[in-house]
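The two complexes that follow have chain A in common; it is paired with chain B in the first and with chain C in the second.
Up next, the complex of A and B:
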């Protein structure tokens, strides 16, 4: 708590270290609740992102509180939010910095989970294998990511897939999963209240509750995985389940469309996406229930193996 | 005079001396470098100096990110030069590149790792209307229109009182071009005659060894046919931009540009005499004085003693100089997000007021600020 107030709190999210400060008591509480269990950075770790969240003015600390994130950059798109939604300012502030200033990675806007394997009897270490879930917002990737992350898969991210273009490994970016509106109910019923934040009402995206990142995803935040499977899920109530494989140019175009920063990386991104197009399996998924979607992903991963 | 933070200065002027620092020091200086817009340059220099090993965990990624960003920025700038040239292919018109595009085309050392947001060009005043019409015809639109905020005042303000057209944005690429007819607003305390600058502008020199090479290199093709300001004017323009027209706050990158130009041009025969004479002739002595003074004091720019002495004739009265010595280094210095920056902010505010003061006569300034304030109260956006 003291570190947070003084802005000396440094914690790790996958390959990144973020330094956070806020003097706003409500945000301190919310943050410590949602980020419980995150590894703290060691003194020898470089800090990638700095973020302060505070009231827009002294008046707005007490009277109709408004807070805003400050990463120290002139051209940042941060907008003031009501004091009660301070955690959103922090989440959006951090995501914006990662999304715009991490071009060491090829970033996809997607959910990612991975299967870890025990070392084989001969002691051979098997690499973790990841599935990337992309698609329009509202297609249900957060819900699907959340479902898998609490059911035998390791959470990498619900927001960004971070790919090292030199070896095509995916790196974890385990953040609280923001669930919206109807999906909250579905997931609370499955997982219970205790893994959720309090509800945030009347956000720009409706009601939000944060699902905490599972402990194993935080403890293994430095273990990469290889990407084998790319799915574009689509939630369509009442429709029959459908799996449609695609490949080649379509796969390239879909993957490229999911990328946040491929134009900033240029050649490195083009080569990486080309390689992935040849190596991964790509599917459109149409699903009705979460269980159905999860089973589809399990099966497809079995096949891809 | 207060200097730059020591580590930042080391990275800017002697990157080969960097290293052996704790992660805490690197984190802080990387933040400052990013805030000042010089992180990419520093990354490039560290690579050059063979200093990219043995760094704290995680820093390498940050530097790689900065480098990729810079590389892409230069490709974009080069391509933009190519596209703009194409628009004017059948016109006999002298287009002078300014700032980032000029450094890139002229291969001035400060182009390495330099991020440019906009493209700036200078044309003769009587070509202005034609150039604007041609660009509008070829896919550029007024930036204000795009924001859905075609307020007459801003447009009028630019056209009547500024040294450039309102910014134009390319519809397809989203890139911005500023078309200038001179380098200072005609309303300011100090003005500059654009035609003087155009007259001495020089064609961009080919960097390719052979004609075949030139024809096959896209960057080379994109720069051919353009002009850049002559050496003295190129430096003077940057000094004017920082110390006369701009607000100084956040302008460390410009001072770094000036330092590189000083070092690059210093050995050209007669450069310093020409520079002083040219500043005198164009009436741009004061900003040159500041530039040489602070580039030397803060960034160890190699300004020869006689040149420093000669520039003294452009110095402001002593009280002003003392005040500037107090404010400028503070306003140029970025502060770490978690450090108190009250002094810096105050220095920045004062210099911001100064920049407006220099831009227009008092009555006009009062009117301008009144209109802006009135509009802000009404909730509308201003330039």
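Up next, the complex of A and C:
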């Protein structure tokens, strides 16, 4: 990771290689903290995403620092952020690049975790089985993803599900999990401070802390999984637990609504989402506590077997 | 995605005063990809890149238009015989509404443009 101290660093995350460029010391420090353990890319590896984060002007490097991500767009879609929040600029920049420039995958805006299985006594390898968690911002999908990722499931992503439409396999994209506001306290209580970034205060989404990706998800970052279960979680404090199954055209419409790039992929996306609609189980979950939601997902995955 | 497609739809929209006498036609039915789930049909239109979810009545209407151009009156007549017991006024209104939706989605065009 010394490369970043010199200004740039190439690292692997799932099927992608990203090159990060910044000379901003605070961002270098924050990045190395939350991306500790990620594999570095070789010099000859193809770079999928180039992202620089720097001060908006020379003056703003030193005086009330303000930074902006630069992904090489003619008209930048990014907004400047205070220097203290530079890591958010980098994370949002990477998300934007994946969401807009990765049409080799059908992408869903969702969390994904998968169950891995040991080979059987006869040496037969069972495919990993994934659950995709989609829903509106604030529905609790990142918290549920984080809870499962540190409780026997392998983290694929808390942001994007990457699906190869040729074989309907999901590919891991294990980035640090962005937790916000009350969910930070819930997860710090479970996992301790050491797996979290420092808190980022007064962001556009309130307080954010990044939860580091578990080591096994980085070590197995190229191991795909079969999607079996799709859930739409909804955190409803004080409400009773509810599970409602839906299927057919409604399931198709809900899954399609979670896709980021189905319009760009055309018929390949239509075929893939139709096939998934016929094959996967779909549920809406209403939950009150993280433990309750995690039990629901465990049970539903058993049922979907 | 031929360059001639957009003006045709534009003209269709310009003239799209849905009258019972307008004869509707479904251009290039081969560009439609279908999937069925229970009573609902999913339709991907290669020409527009749009996806549609069709209820059984909408599917019947599109099937009839695929077979041959129809005006609203003939669709009402054919579907009334298929769906006996339906309130005729409600069926007529539903067919009218569906034709409007198909027209604005670019799925059908008046037959005189074909």
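By our rule, the second predicted complex is superposed on the first by the 297 of 305 C-alpha atoms of A that agree within 3 Å, B and C clash if a C-alpha of one lies under 4 Å from a C-alpha of the other, contacts with A are read in each partner's own complex, and residues count from 1 in each chain.
Just so it is clear, a contact is a pair of C-beta atoms (placed from the backbone, for glycine too) under 8 Å apart; a residue touches a chain by one contact, two chains touch by 3 or more.
This one's a predicted model, so the numbers in the text were calculated from it and none came from an experiment.
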| item | value |
| --- | --- |
| Touching partner for A:266 - first (chain B), second (chain C), both, neither | both |
| Contacts of A:90 with chain B and chain C, given as first, second, both or neither | neither |
| Chain B versus chain C as contact partner of A:274, first or second or both or neither | second |
| First, second, both or neither for A:50, with chain B first and chain C second | first |
| Partner chain(s) touched by A:7 [first = chain B, second = chain C, both, neither] | first |
| Which of chain B and chain C A:247 touches, first, second, both or neither | second |
| Which of chain B and chain C A:256 touches, first, second, both or neither | second |
| Chain B versus chain C as contact partner of A:67, first or second or both or neither | neither |
| Chain A residues touched - chain C or chain B, whichever exceeds | B |
| Which superposed partner A:300 touches (first chain B, second chain C, both, neither) | neither |
| Overlap of chain C and chain B interfaces on chain A (superposed complexes) | 263, 266 |
| Chain C partner contacts - residues on chain A that touch it in the complex | 247-249, 251-253, 256, 262-263, 266-267, 270-271, 274, 277-278 |
| Chain A-touching residues of chain B, taken from the complex the two chains share | 22-24, 26-27, 30-31, 34-35, 55-62, 64-66, 68-69, 71-72, 75, 250, 336-338 |
| Contacting residues of chain A [partner chain B, same complex] | 6-8, 15-17, 19, 21, 43-48, 50-52, 70-74, 101-105, 263-266, 268 |
| Of chain C, residues touching chain A in the complex | 33, 35, 37-38, 40-42, 44, 46, 49, 51, 53 |
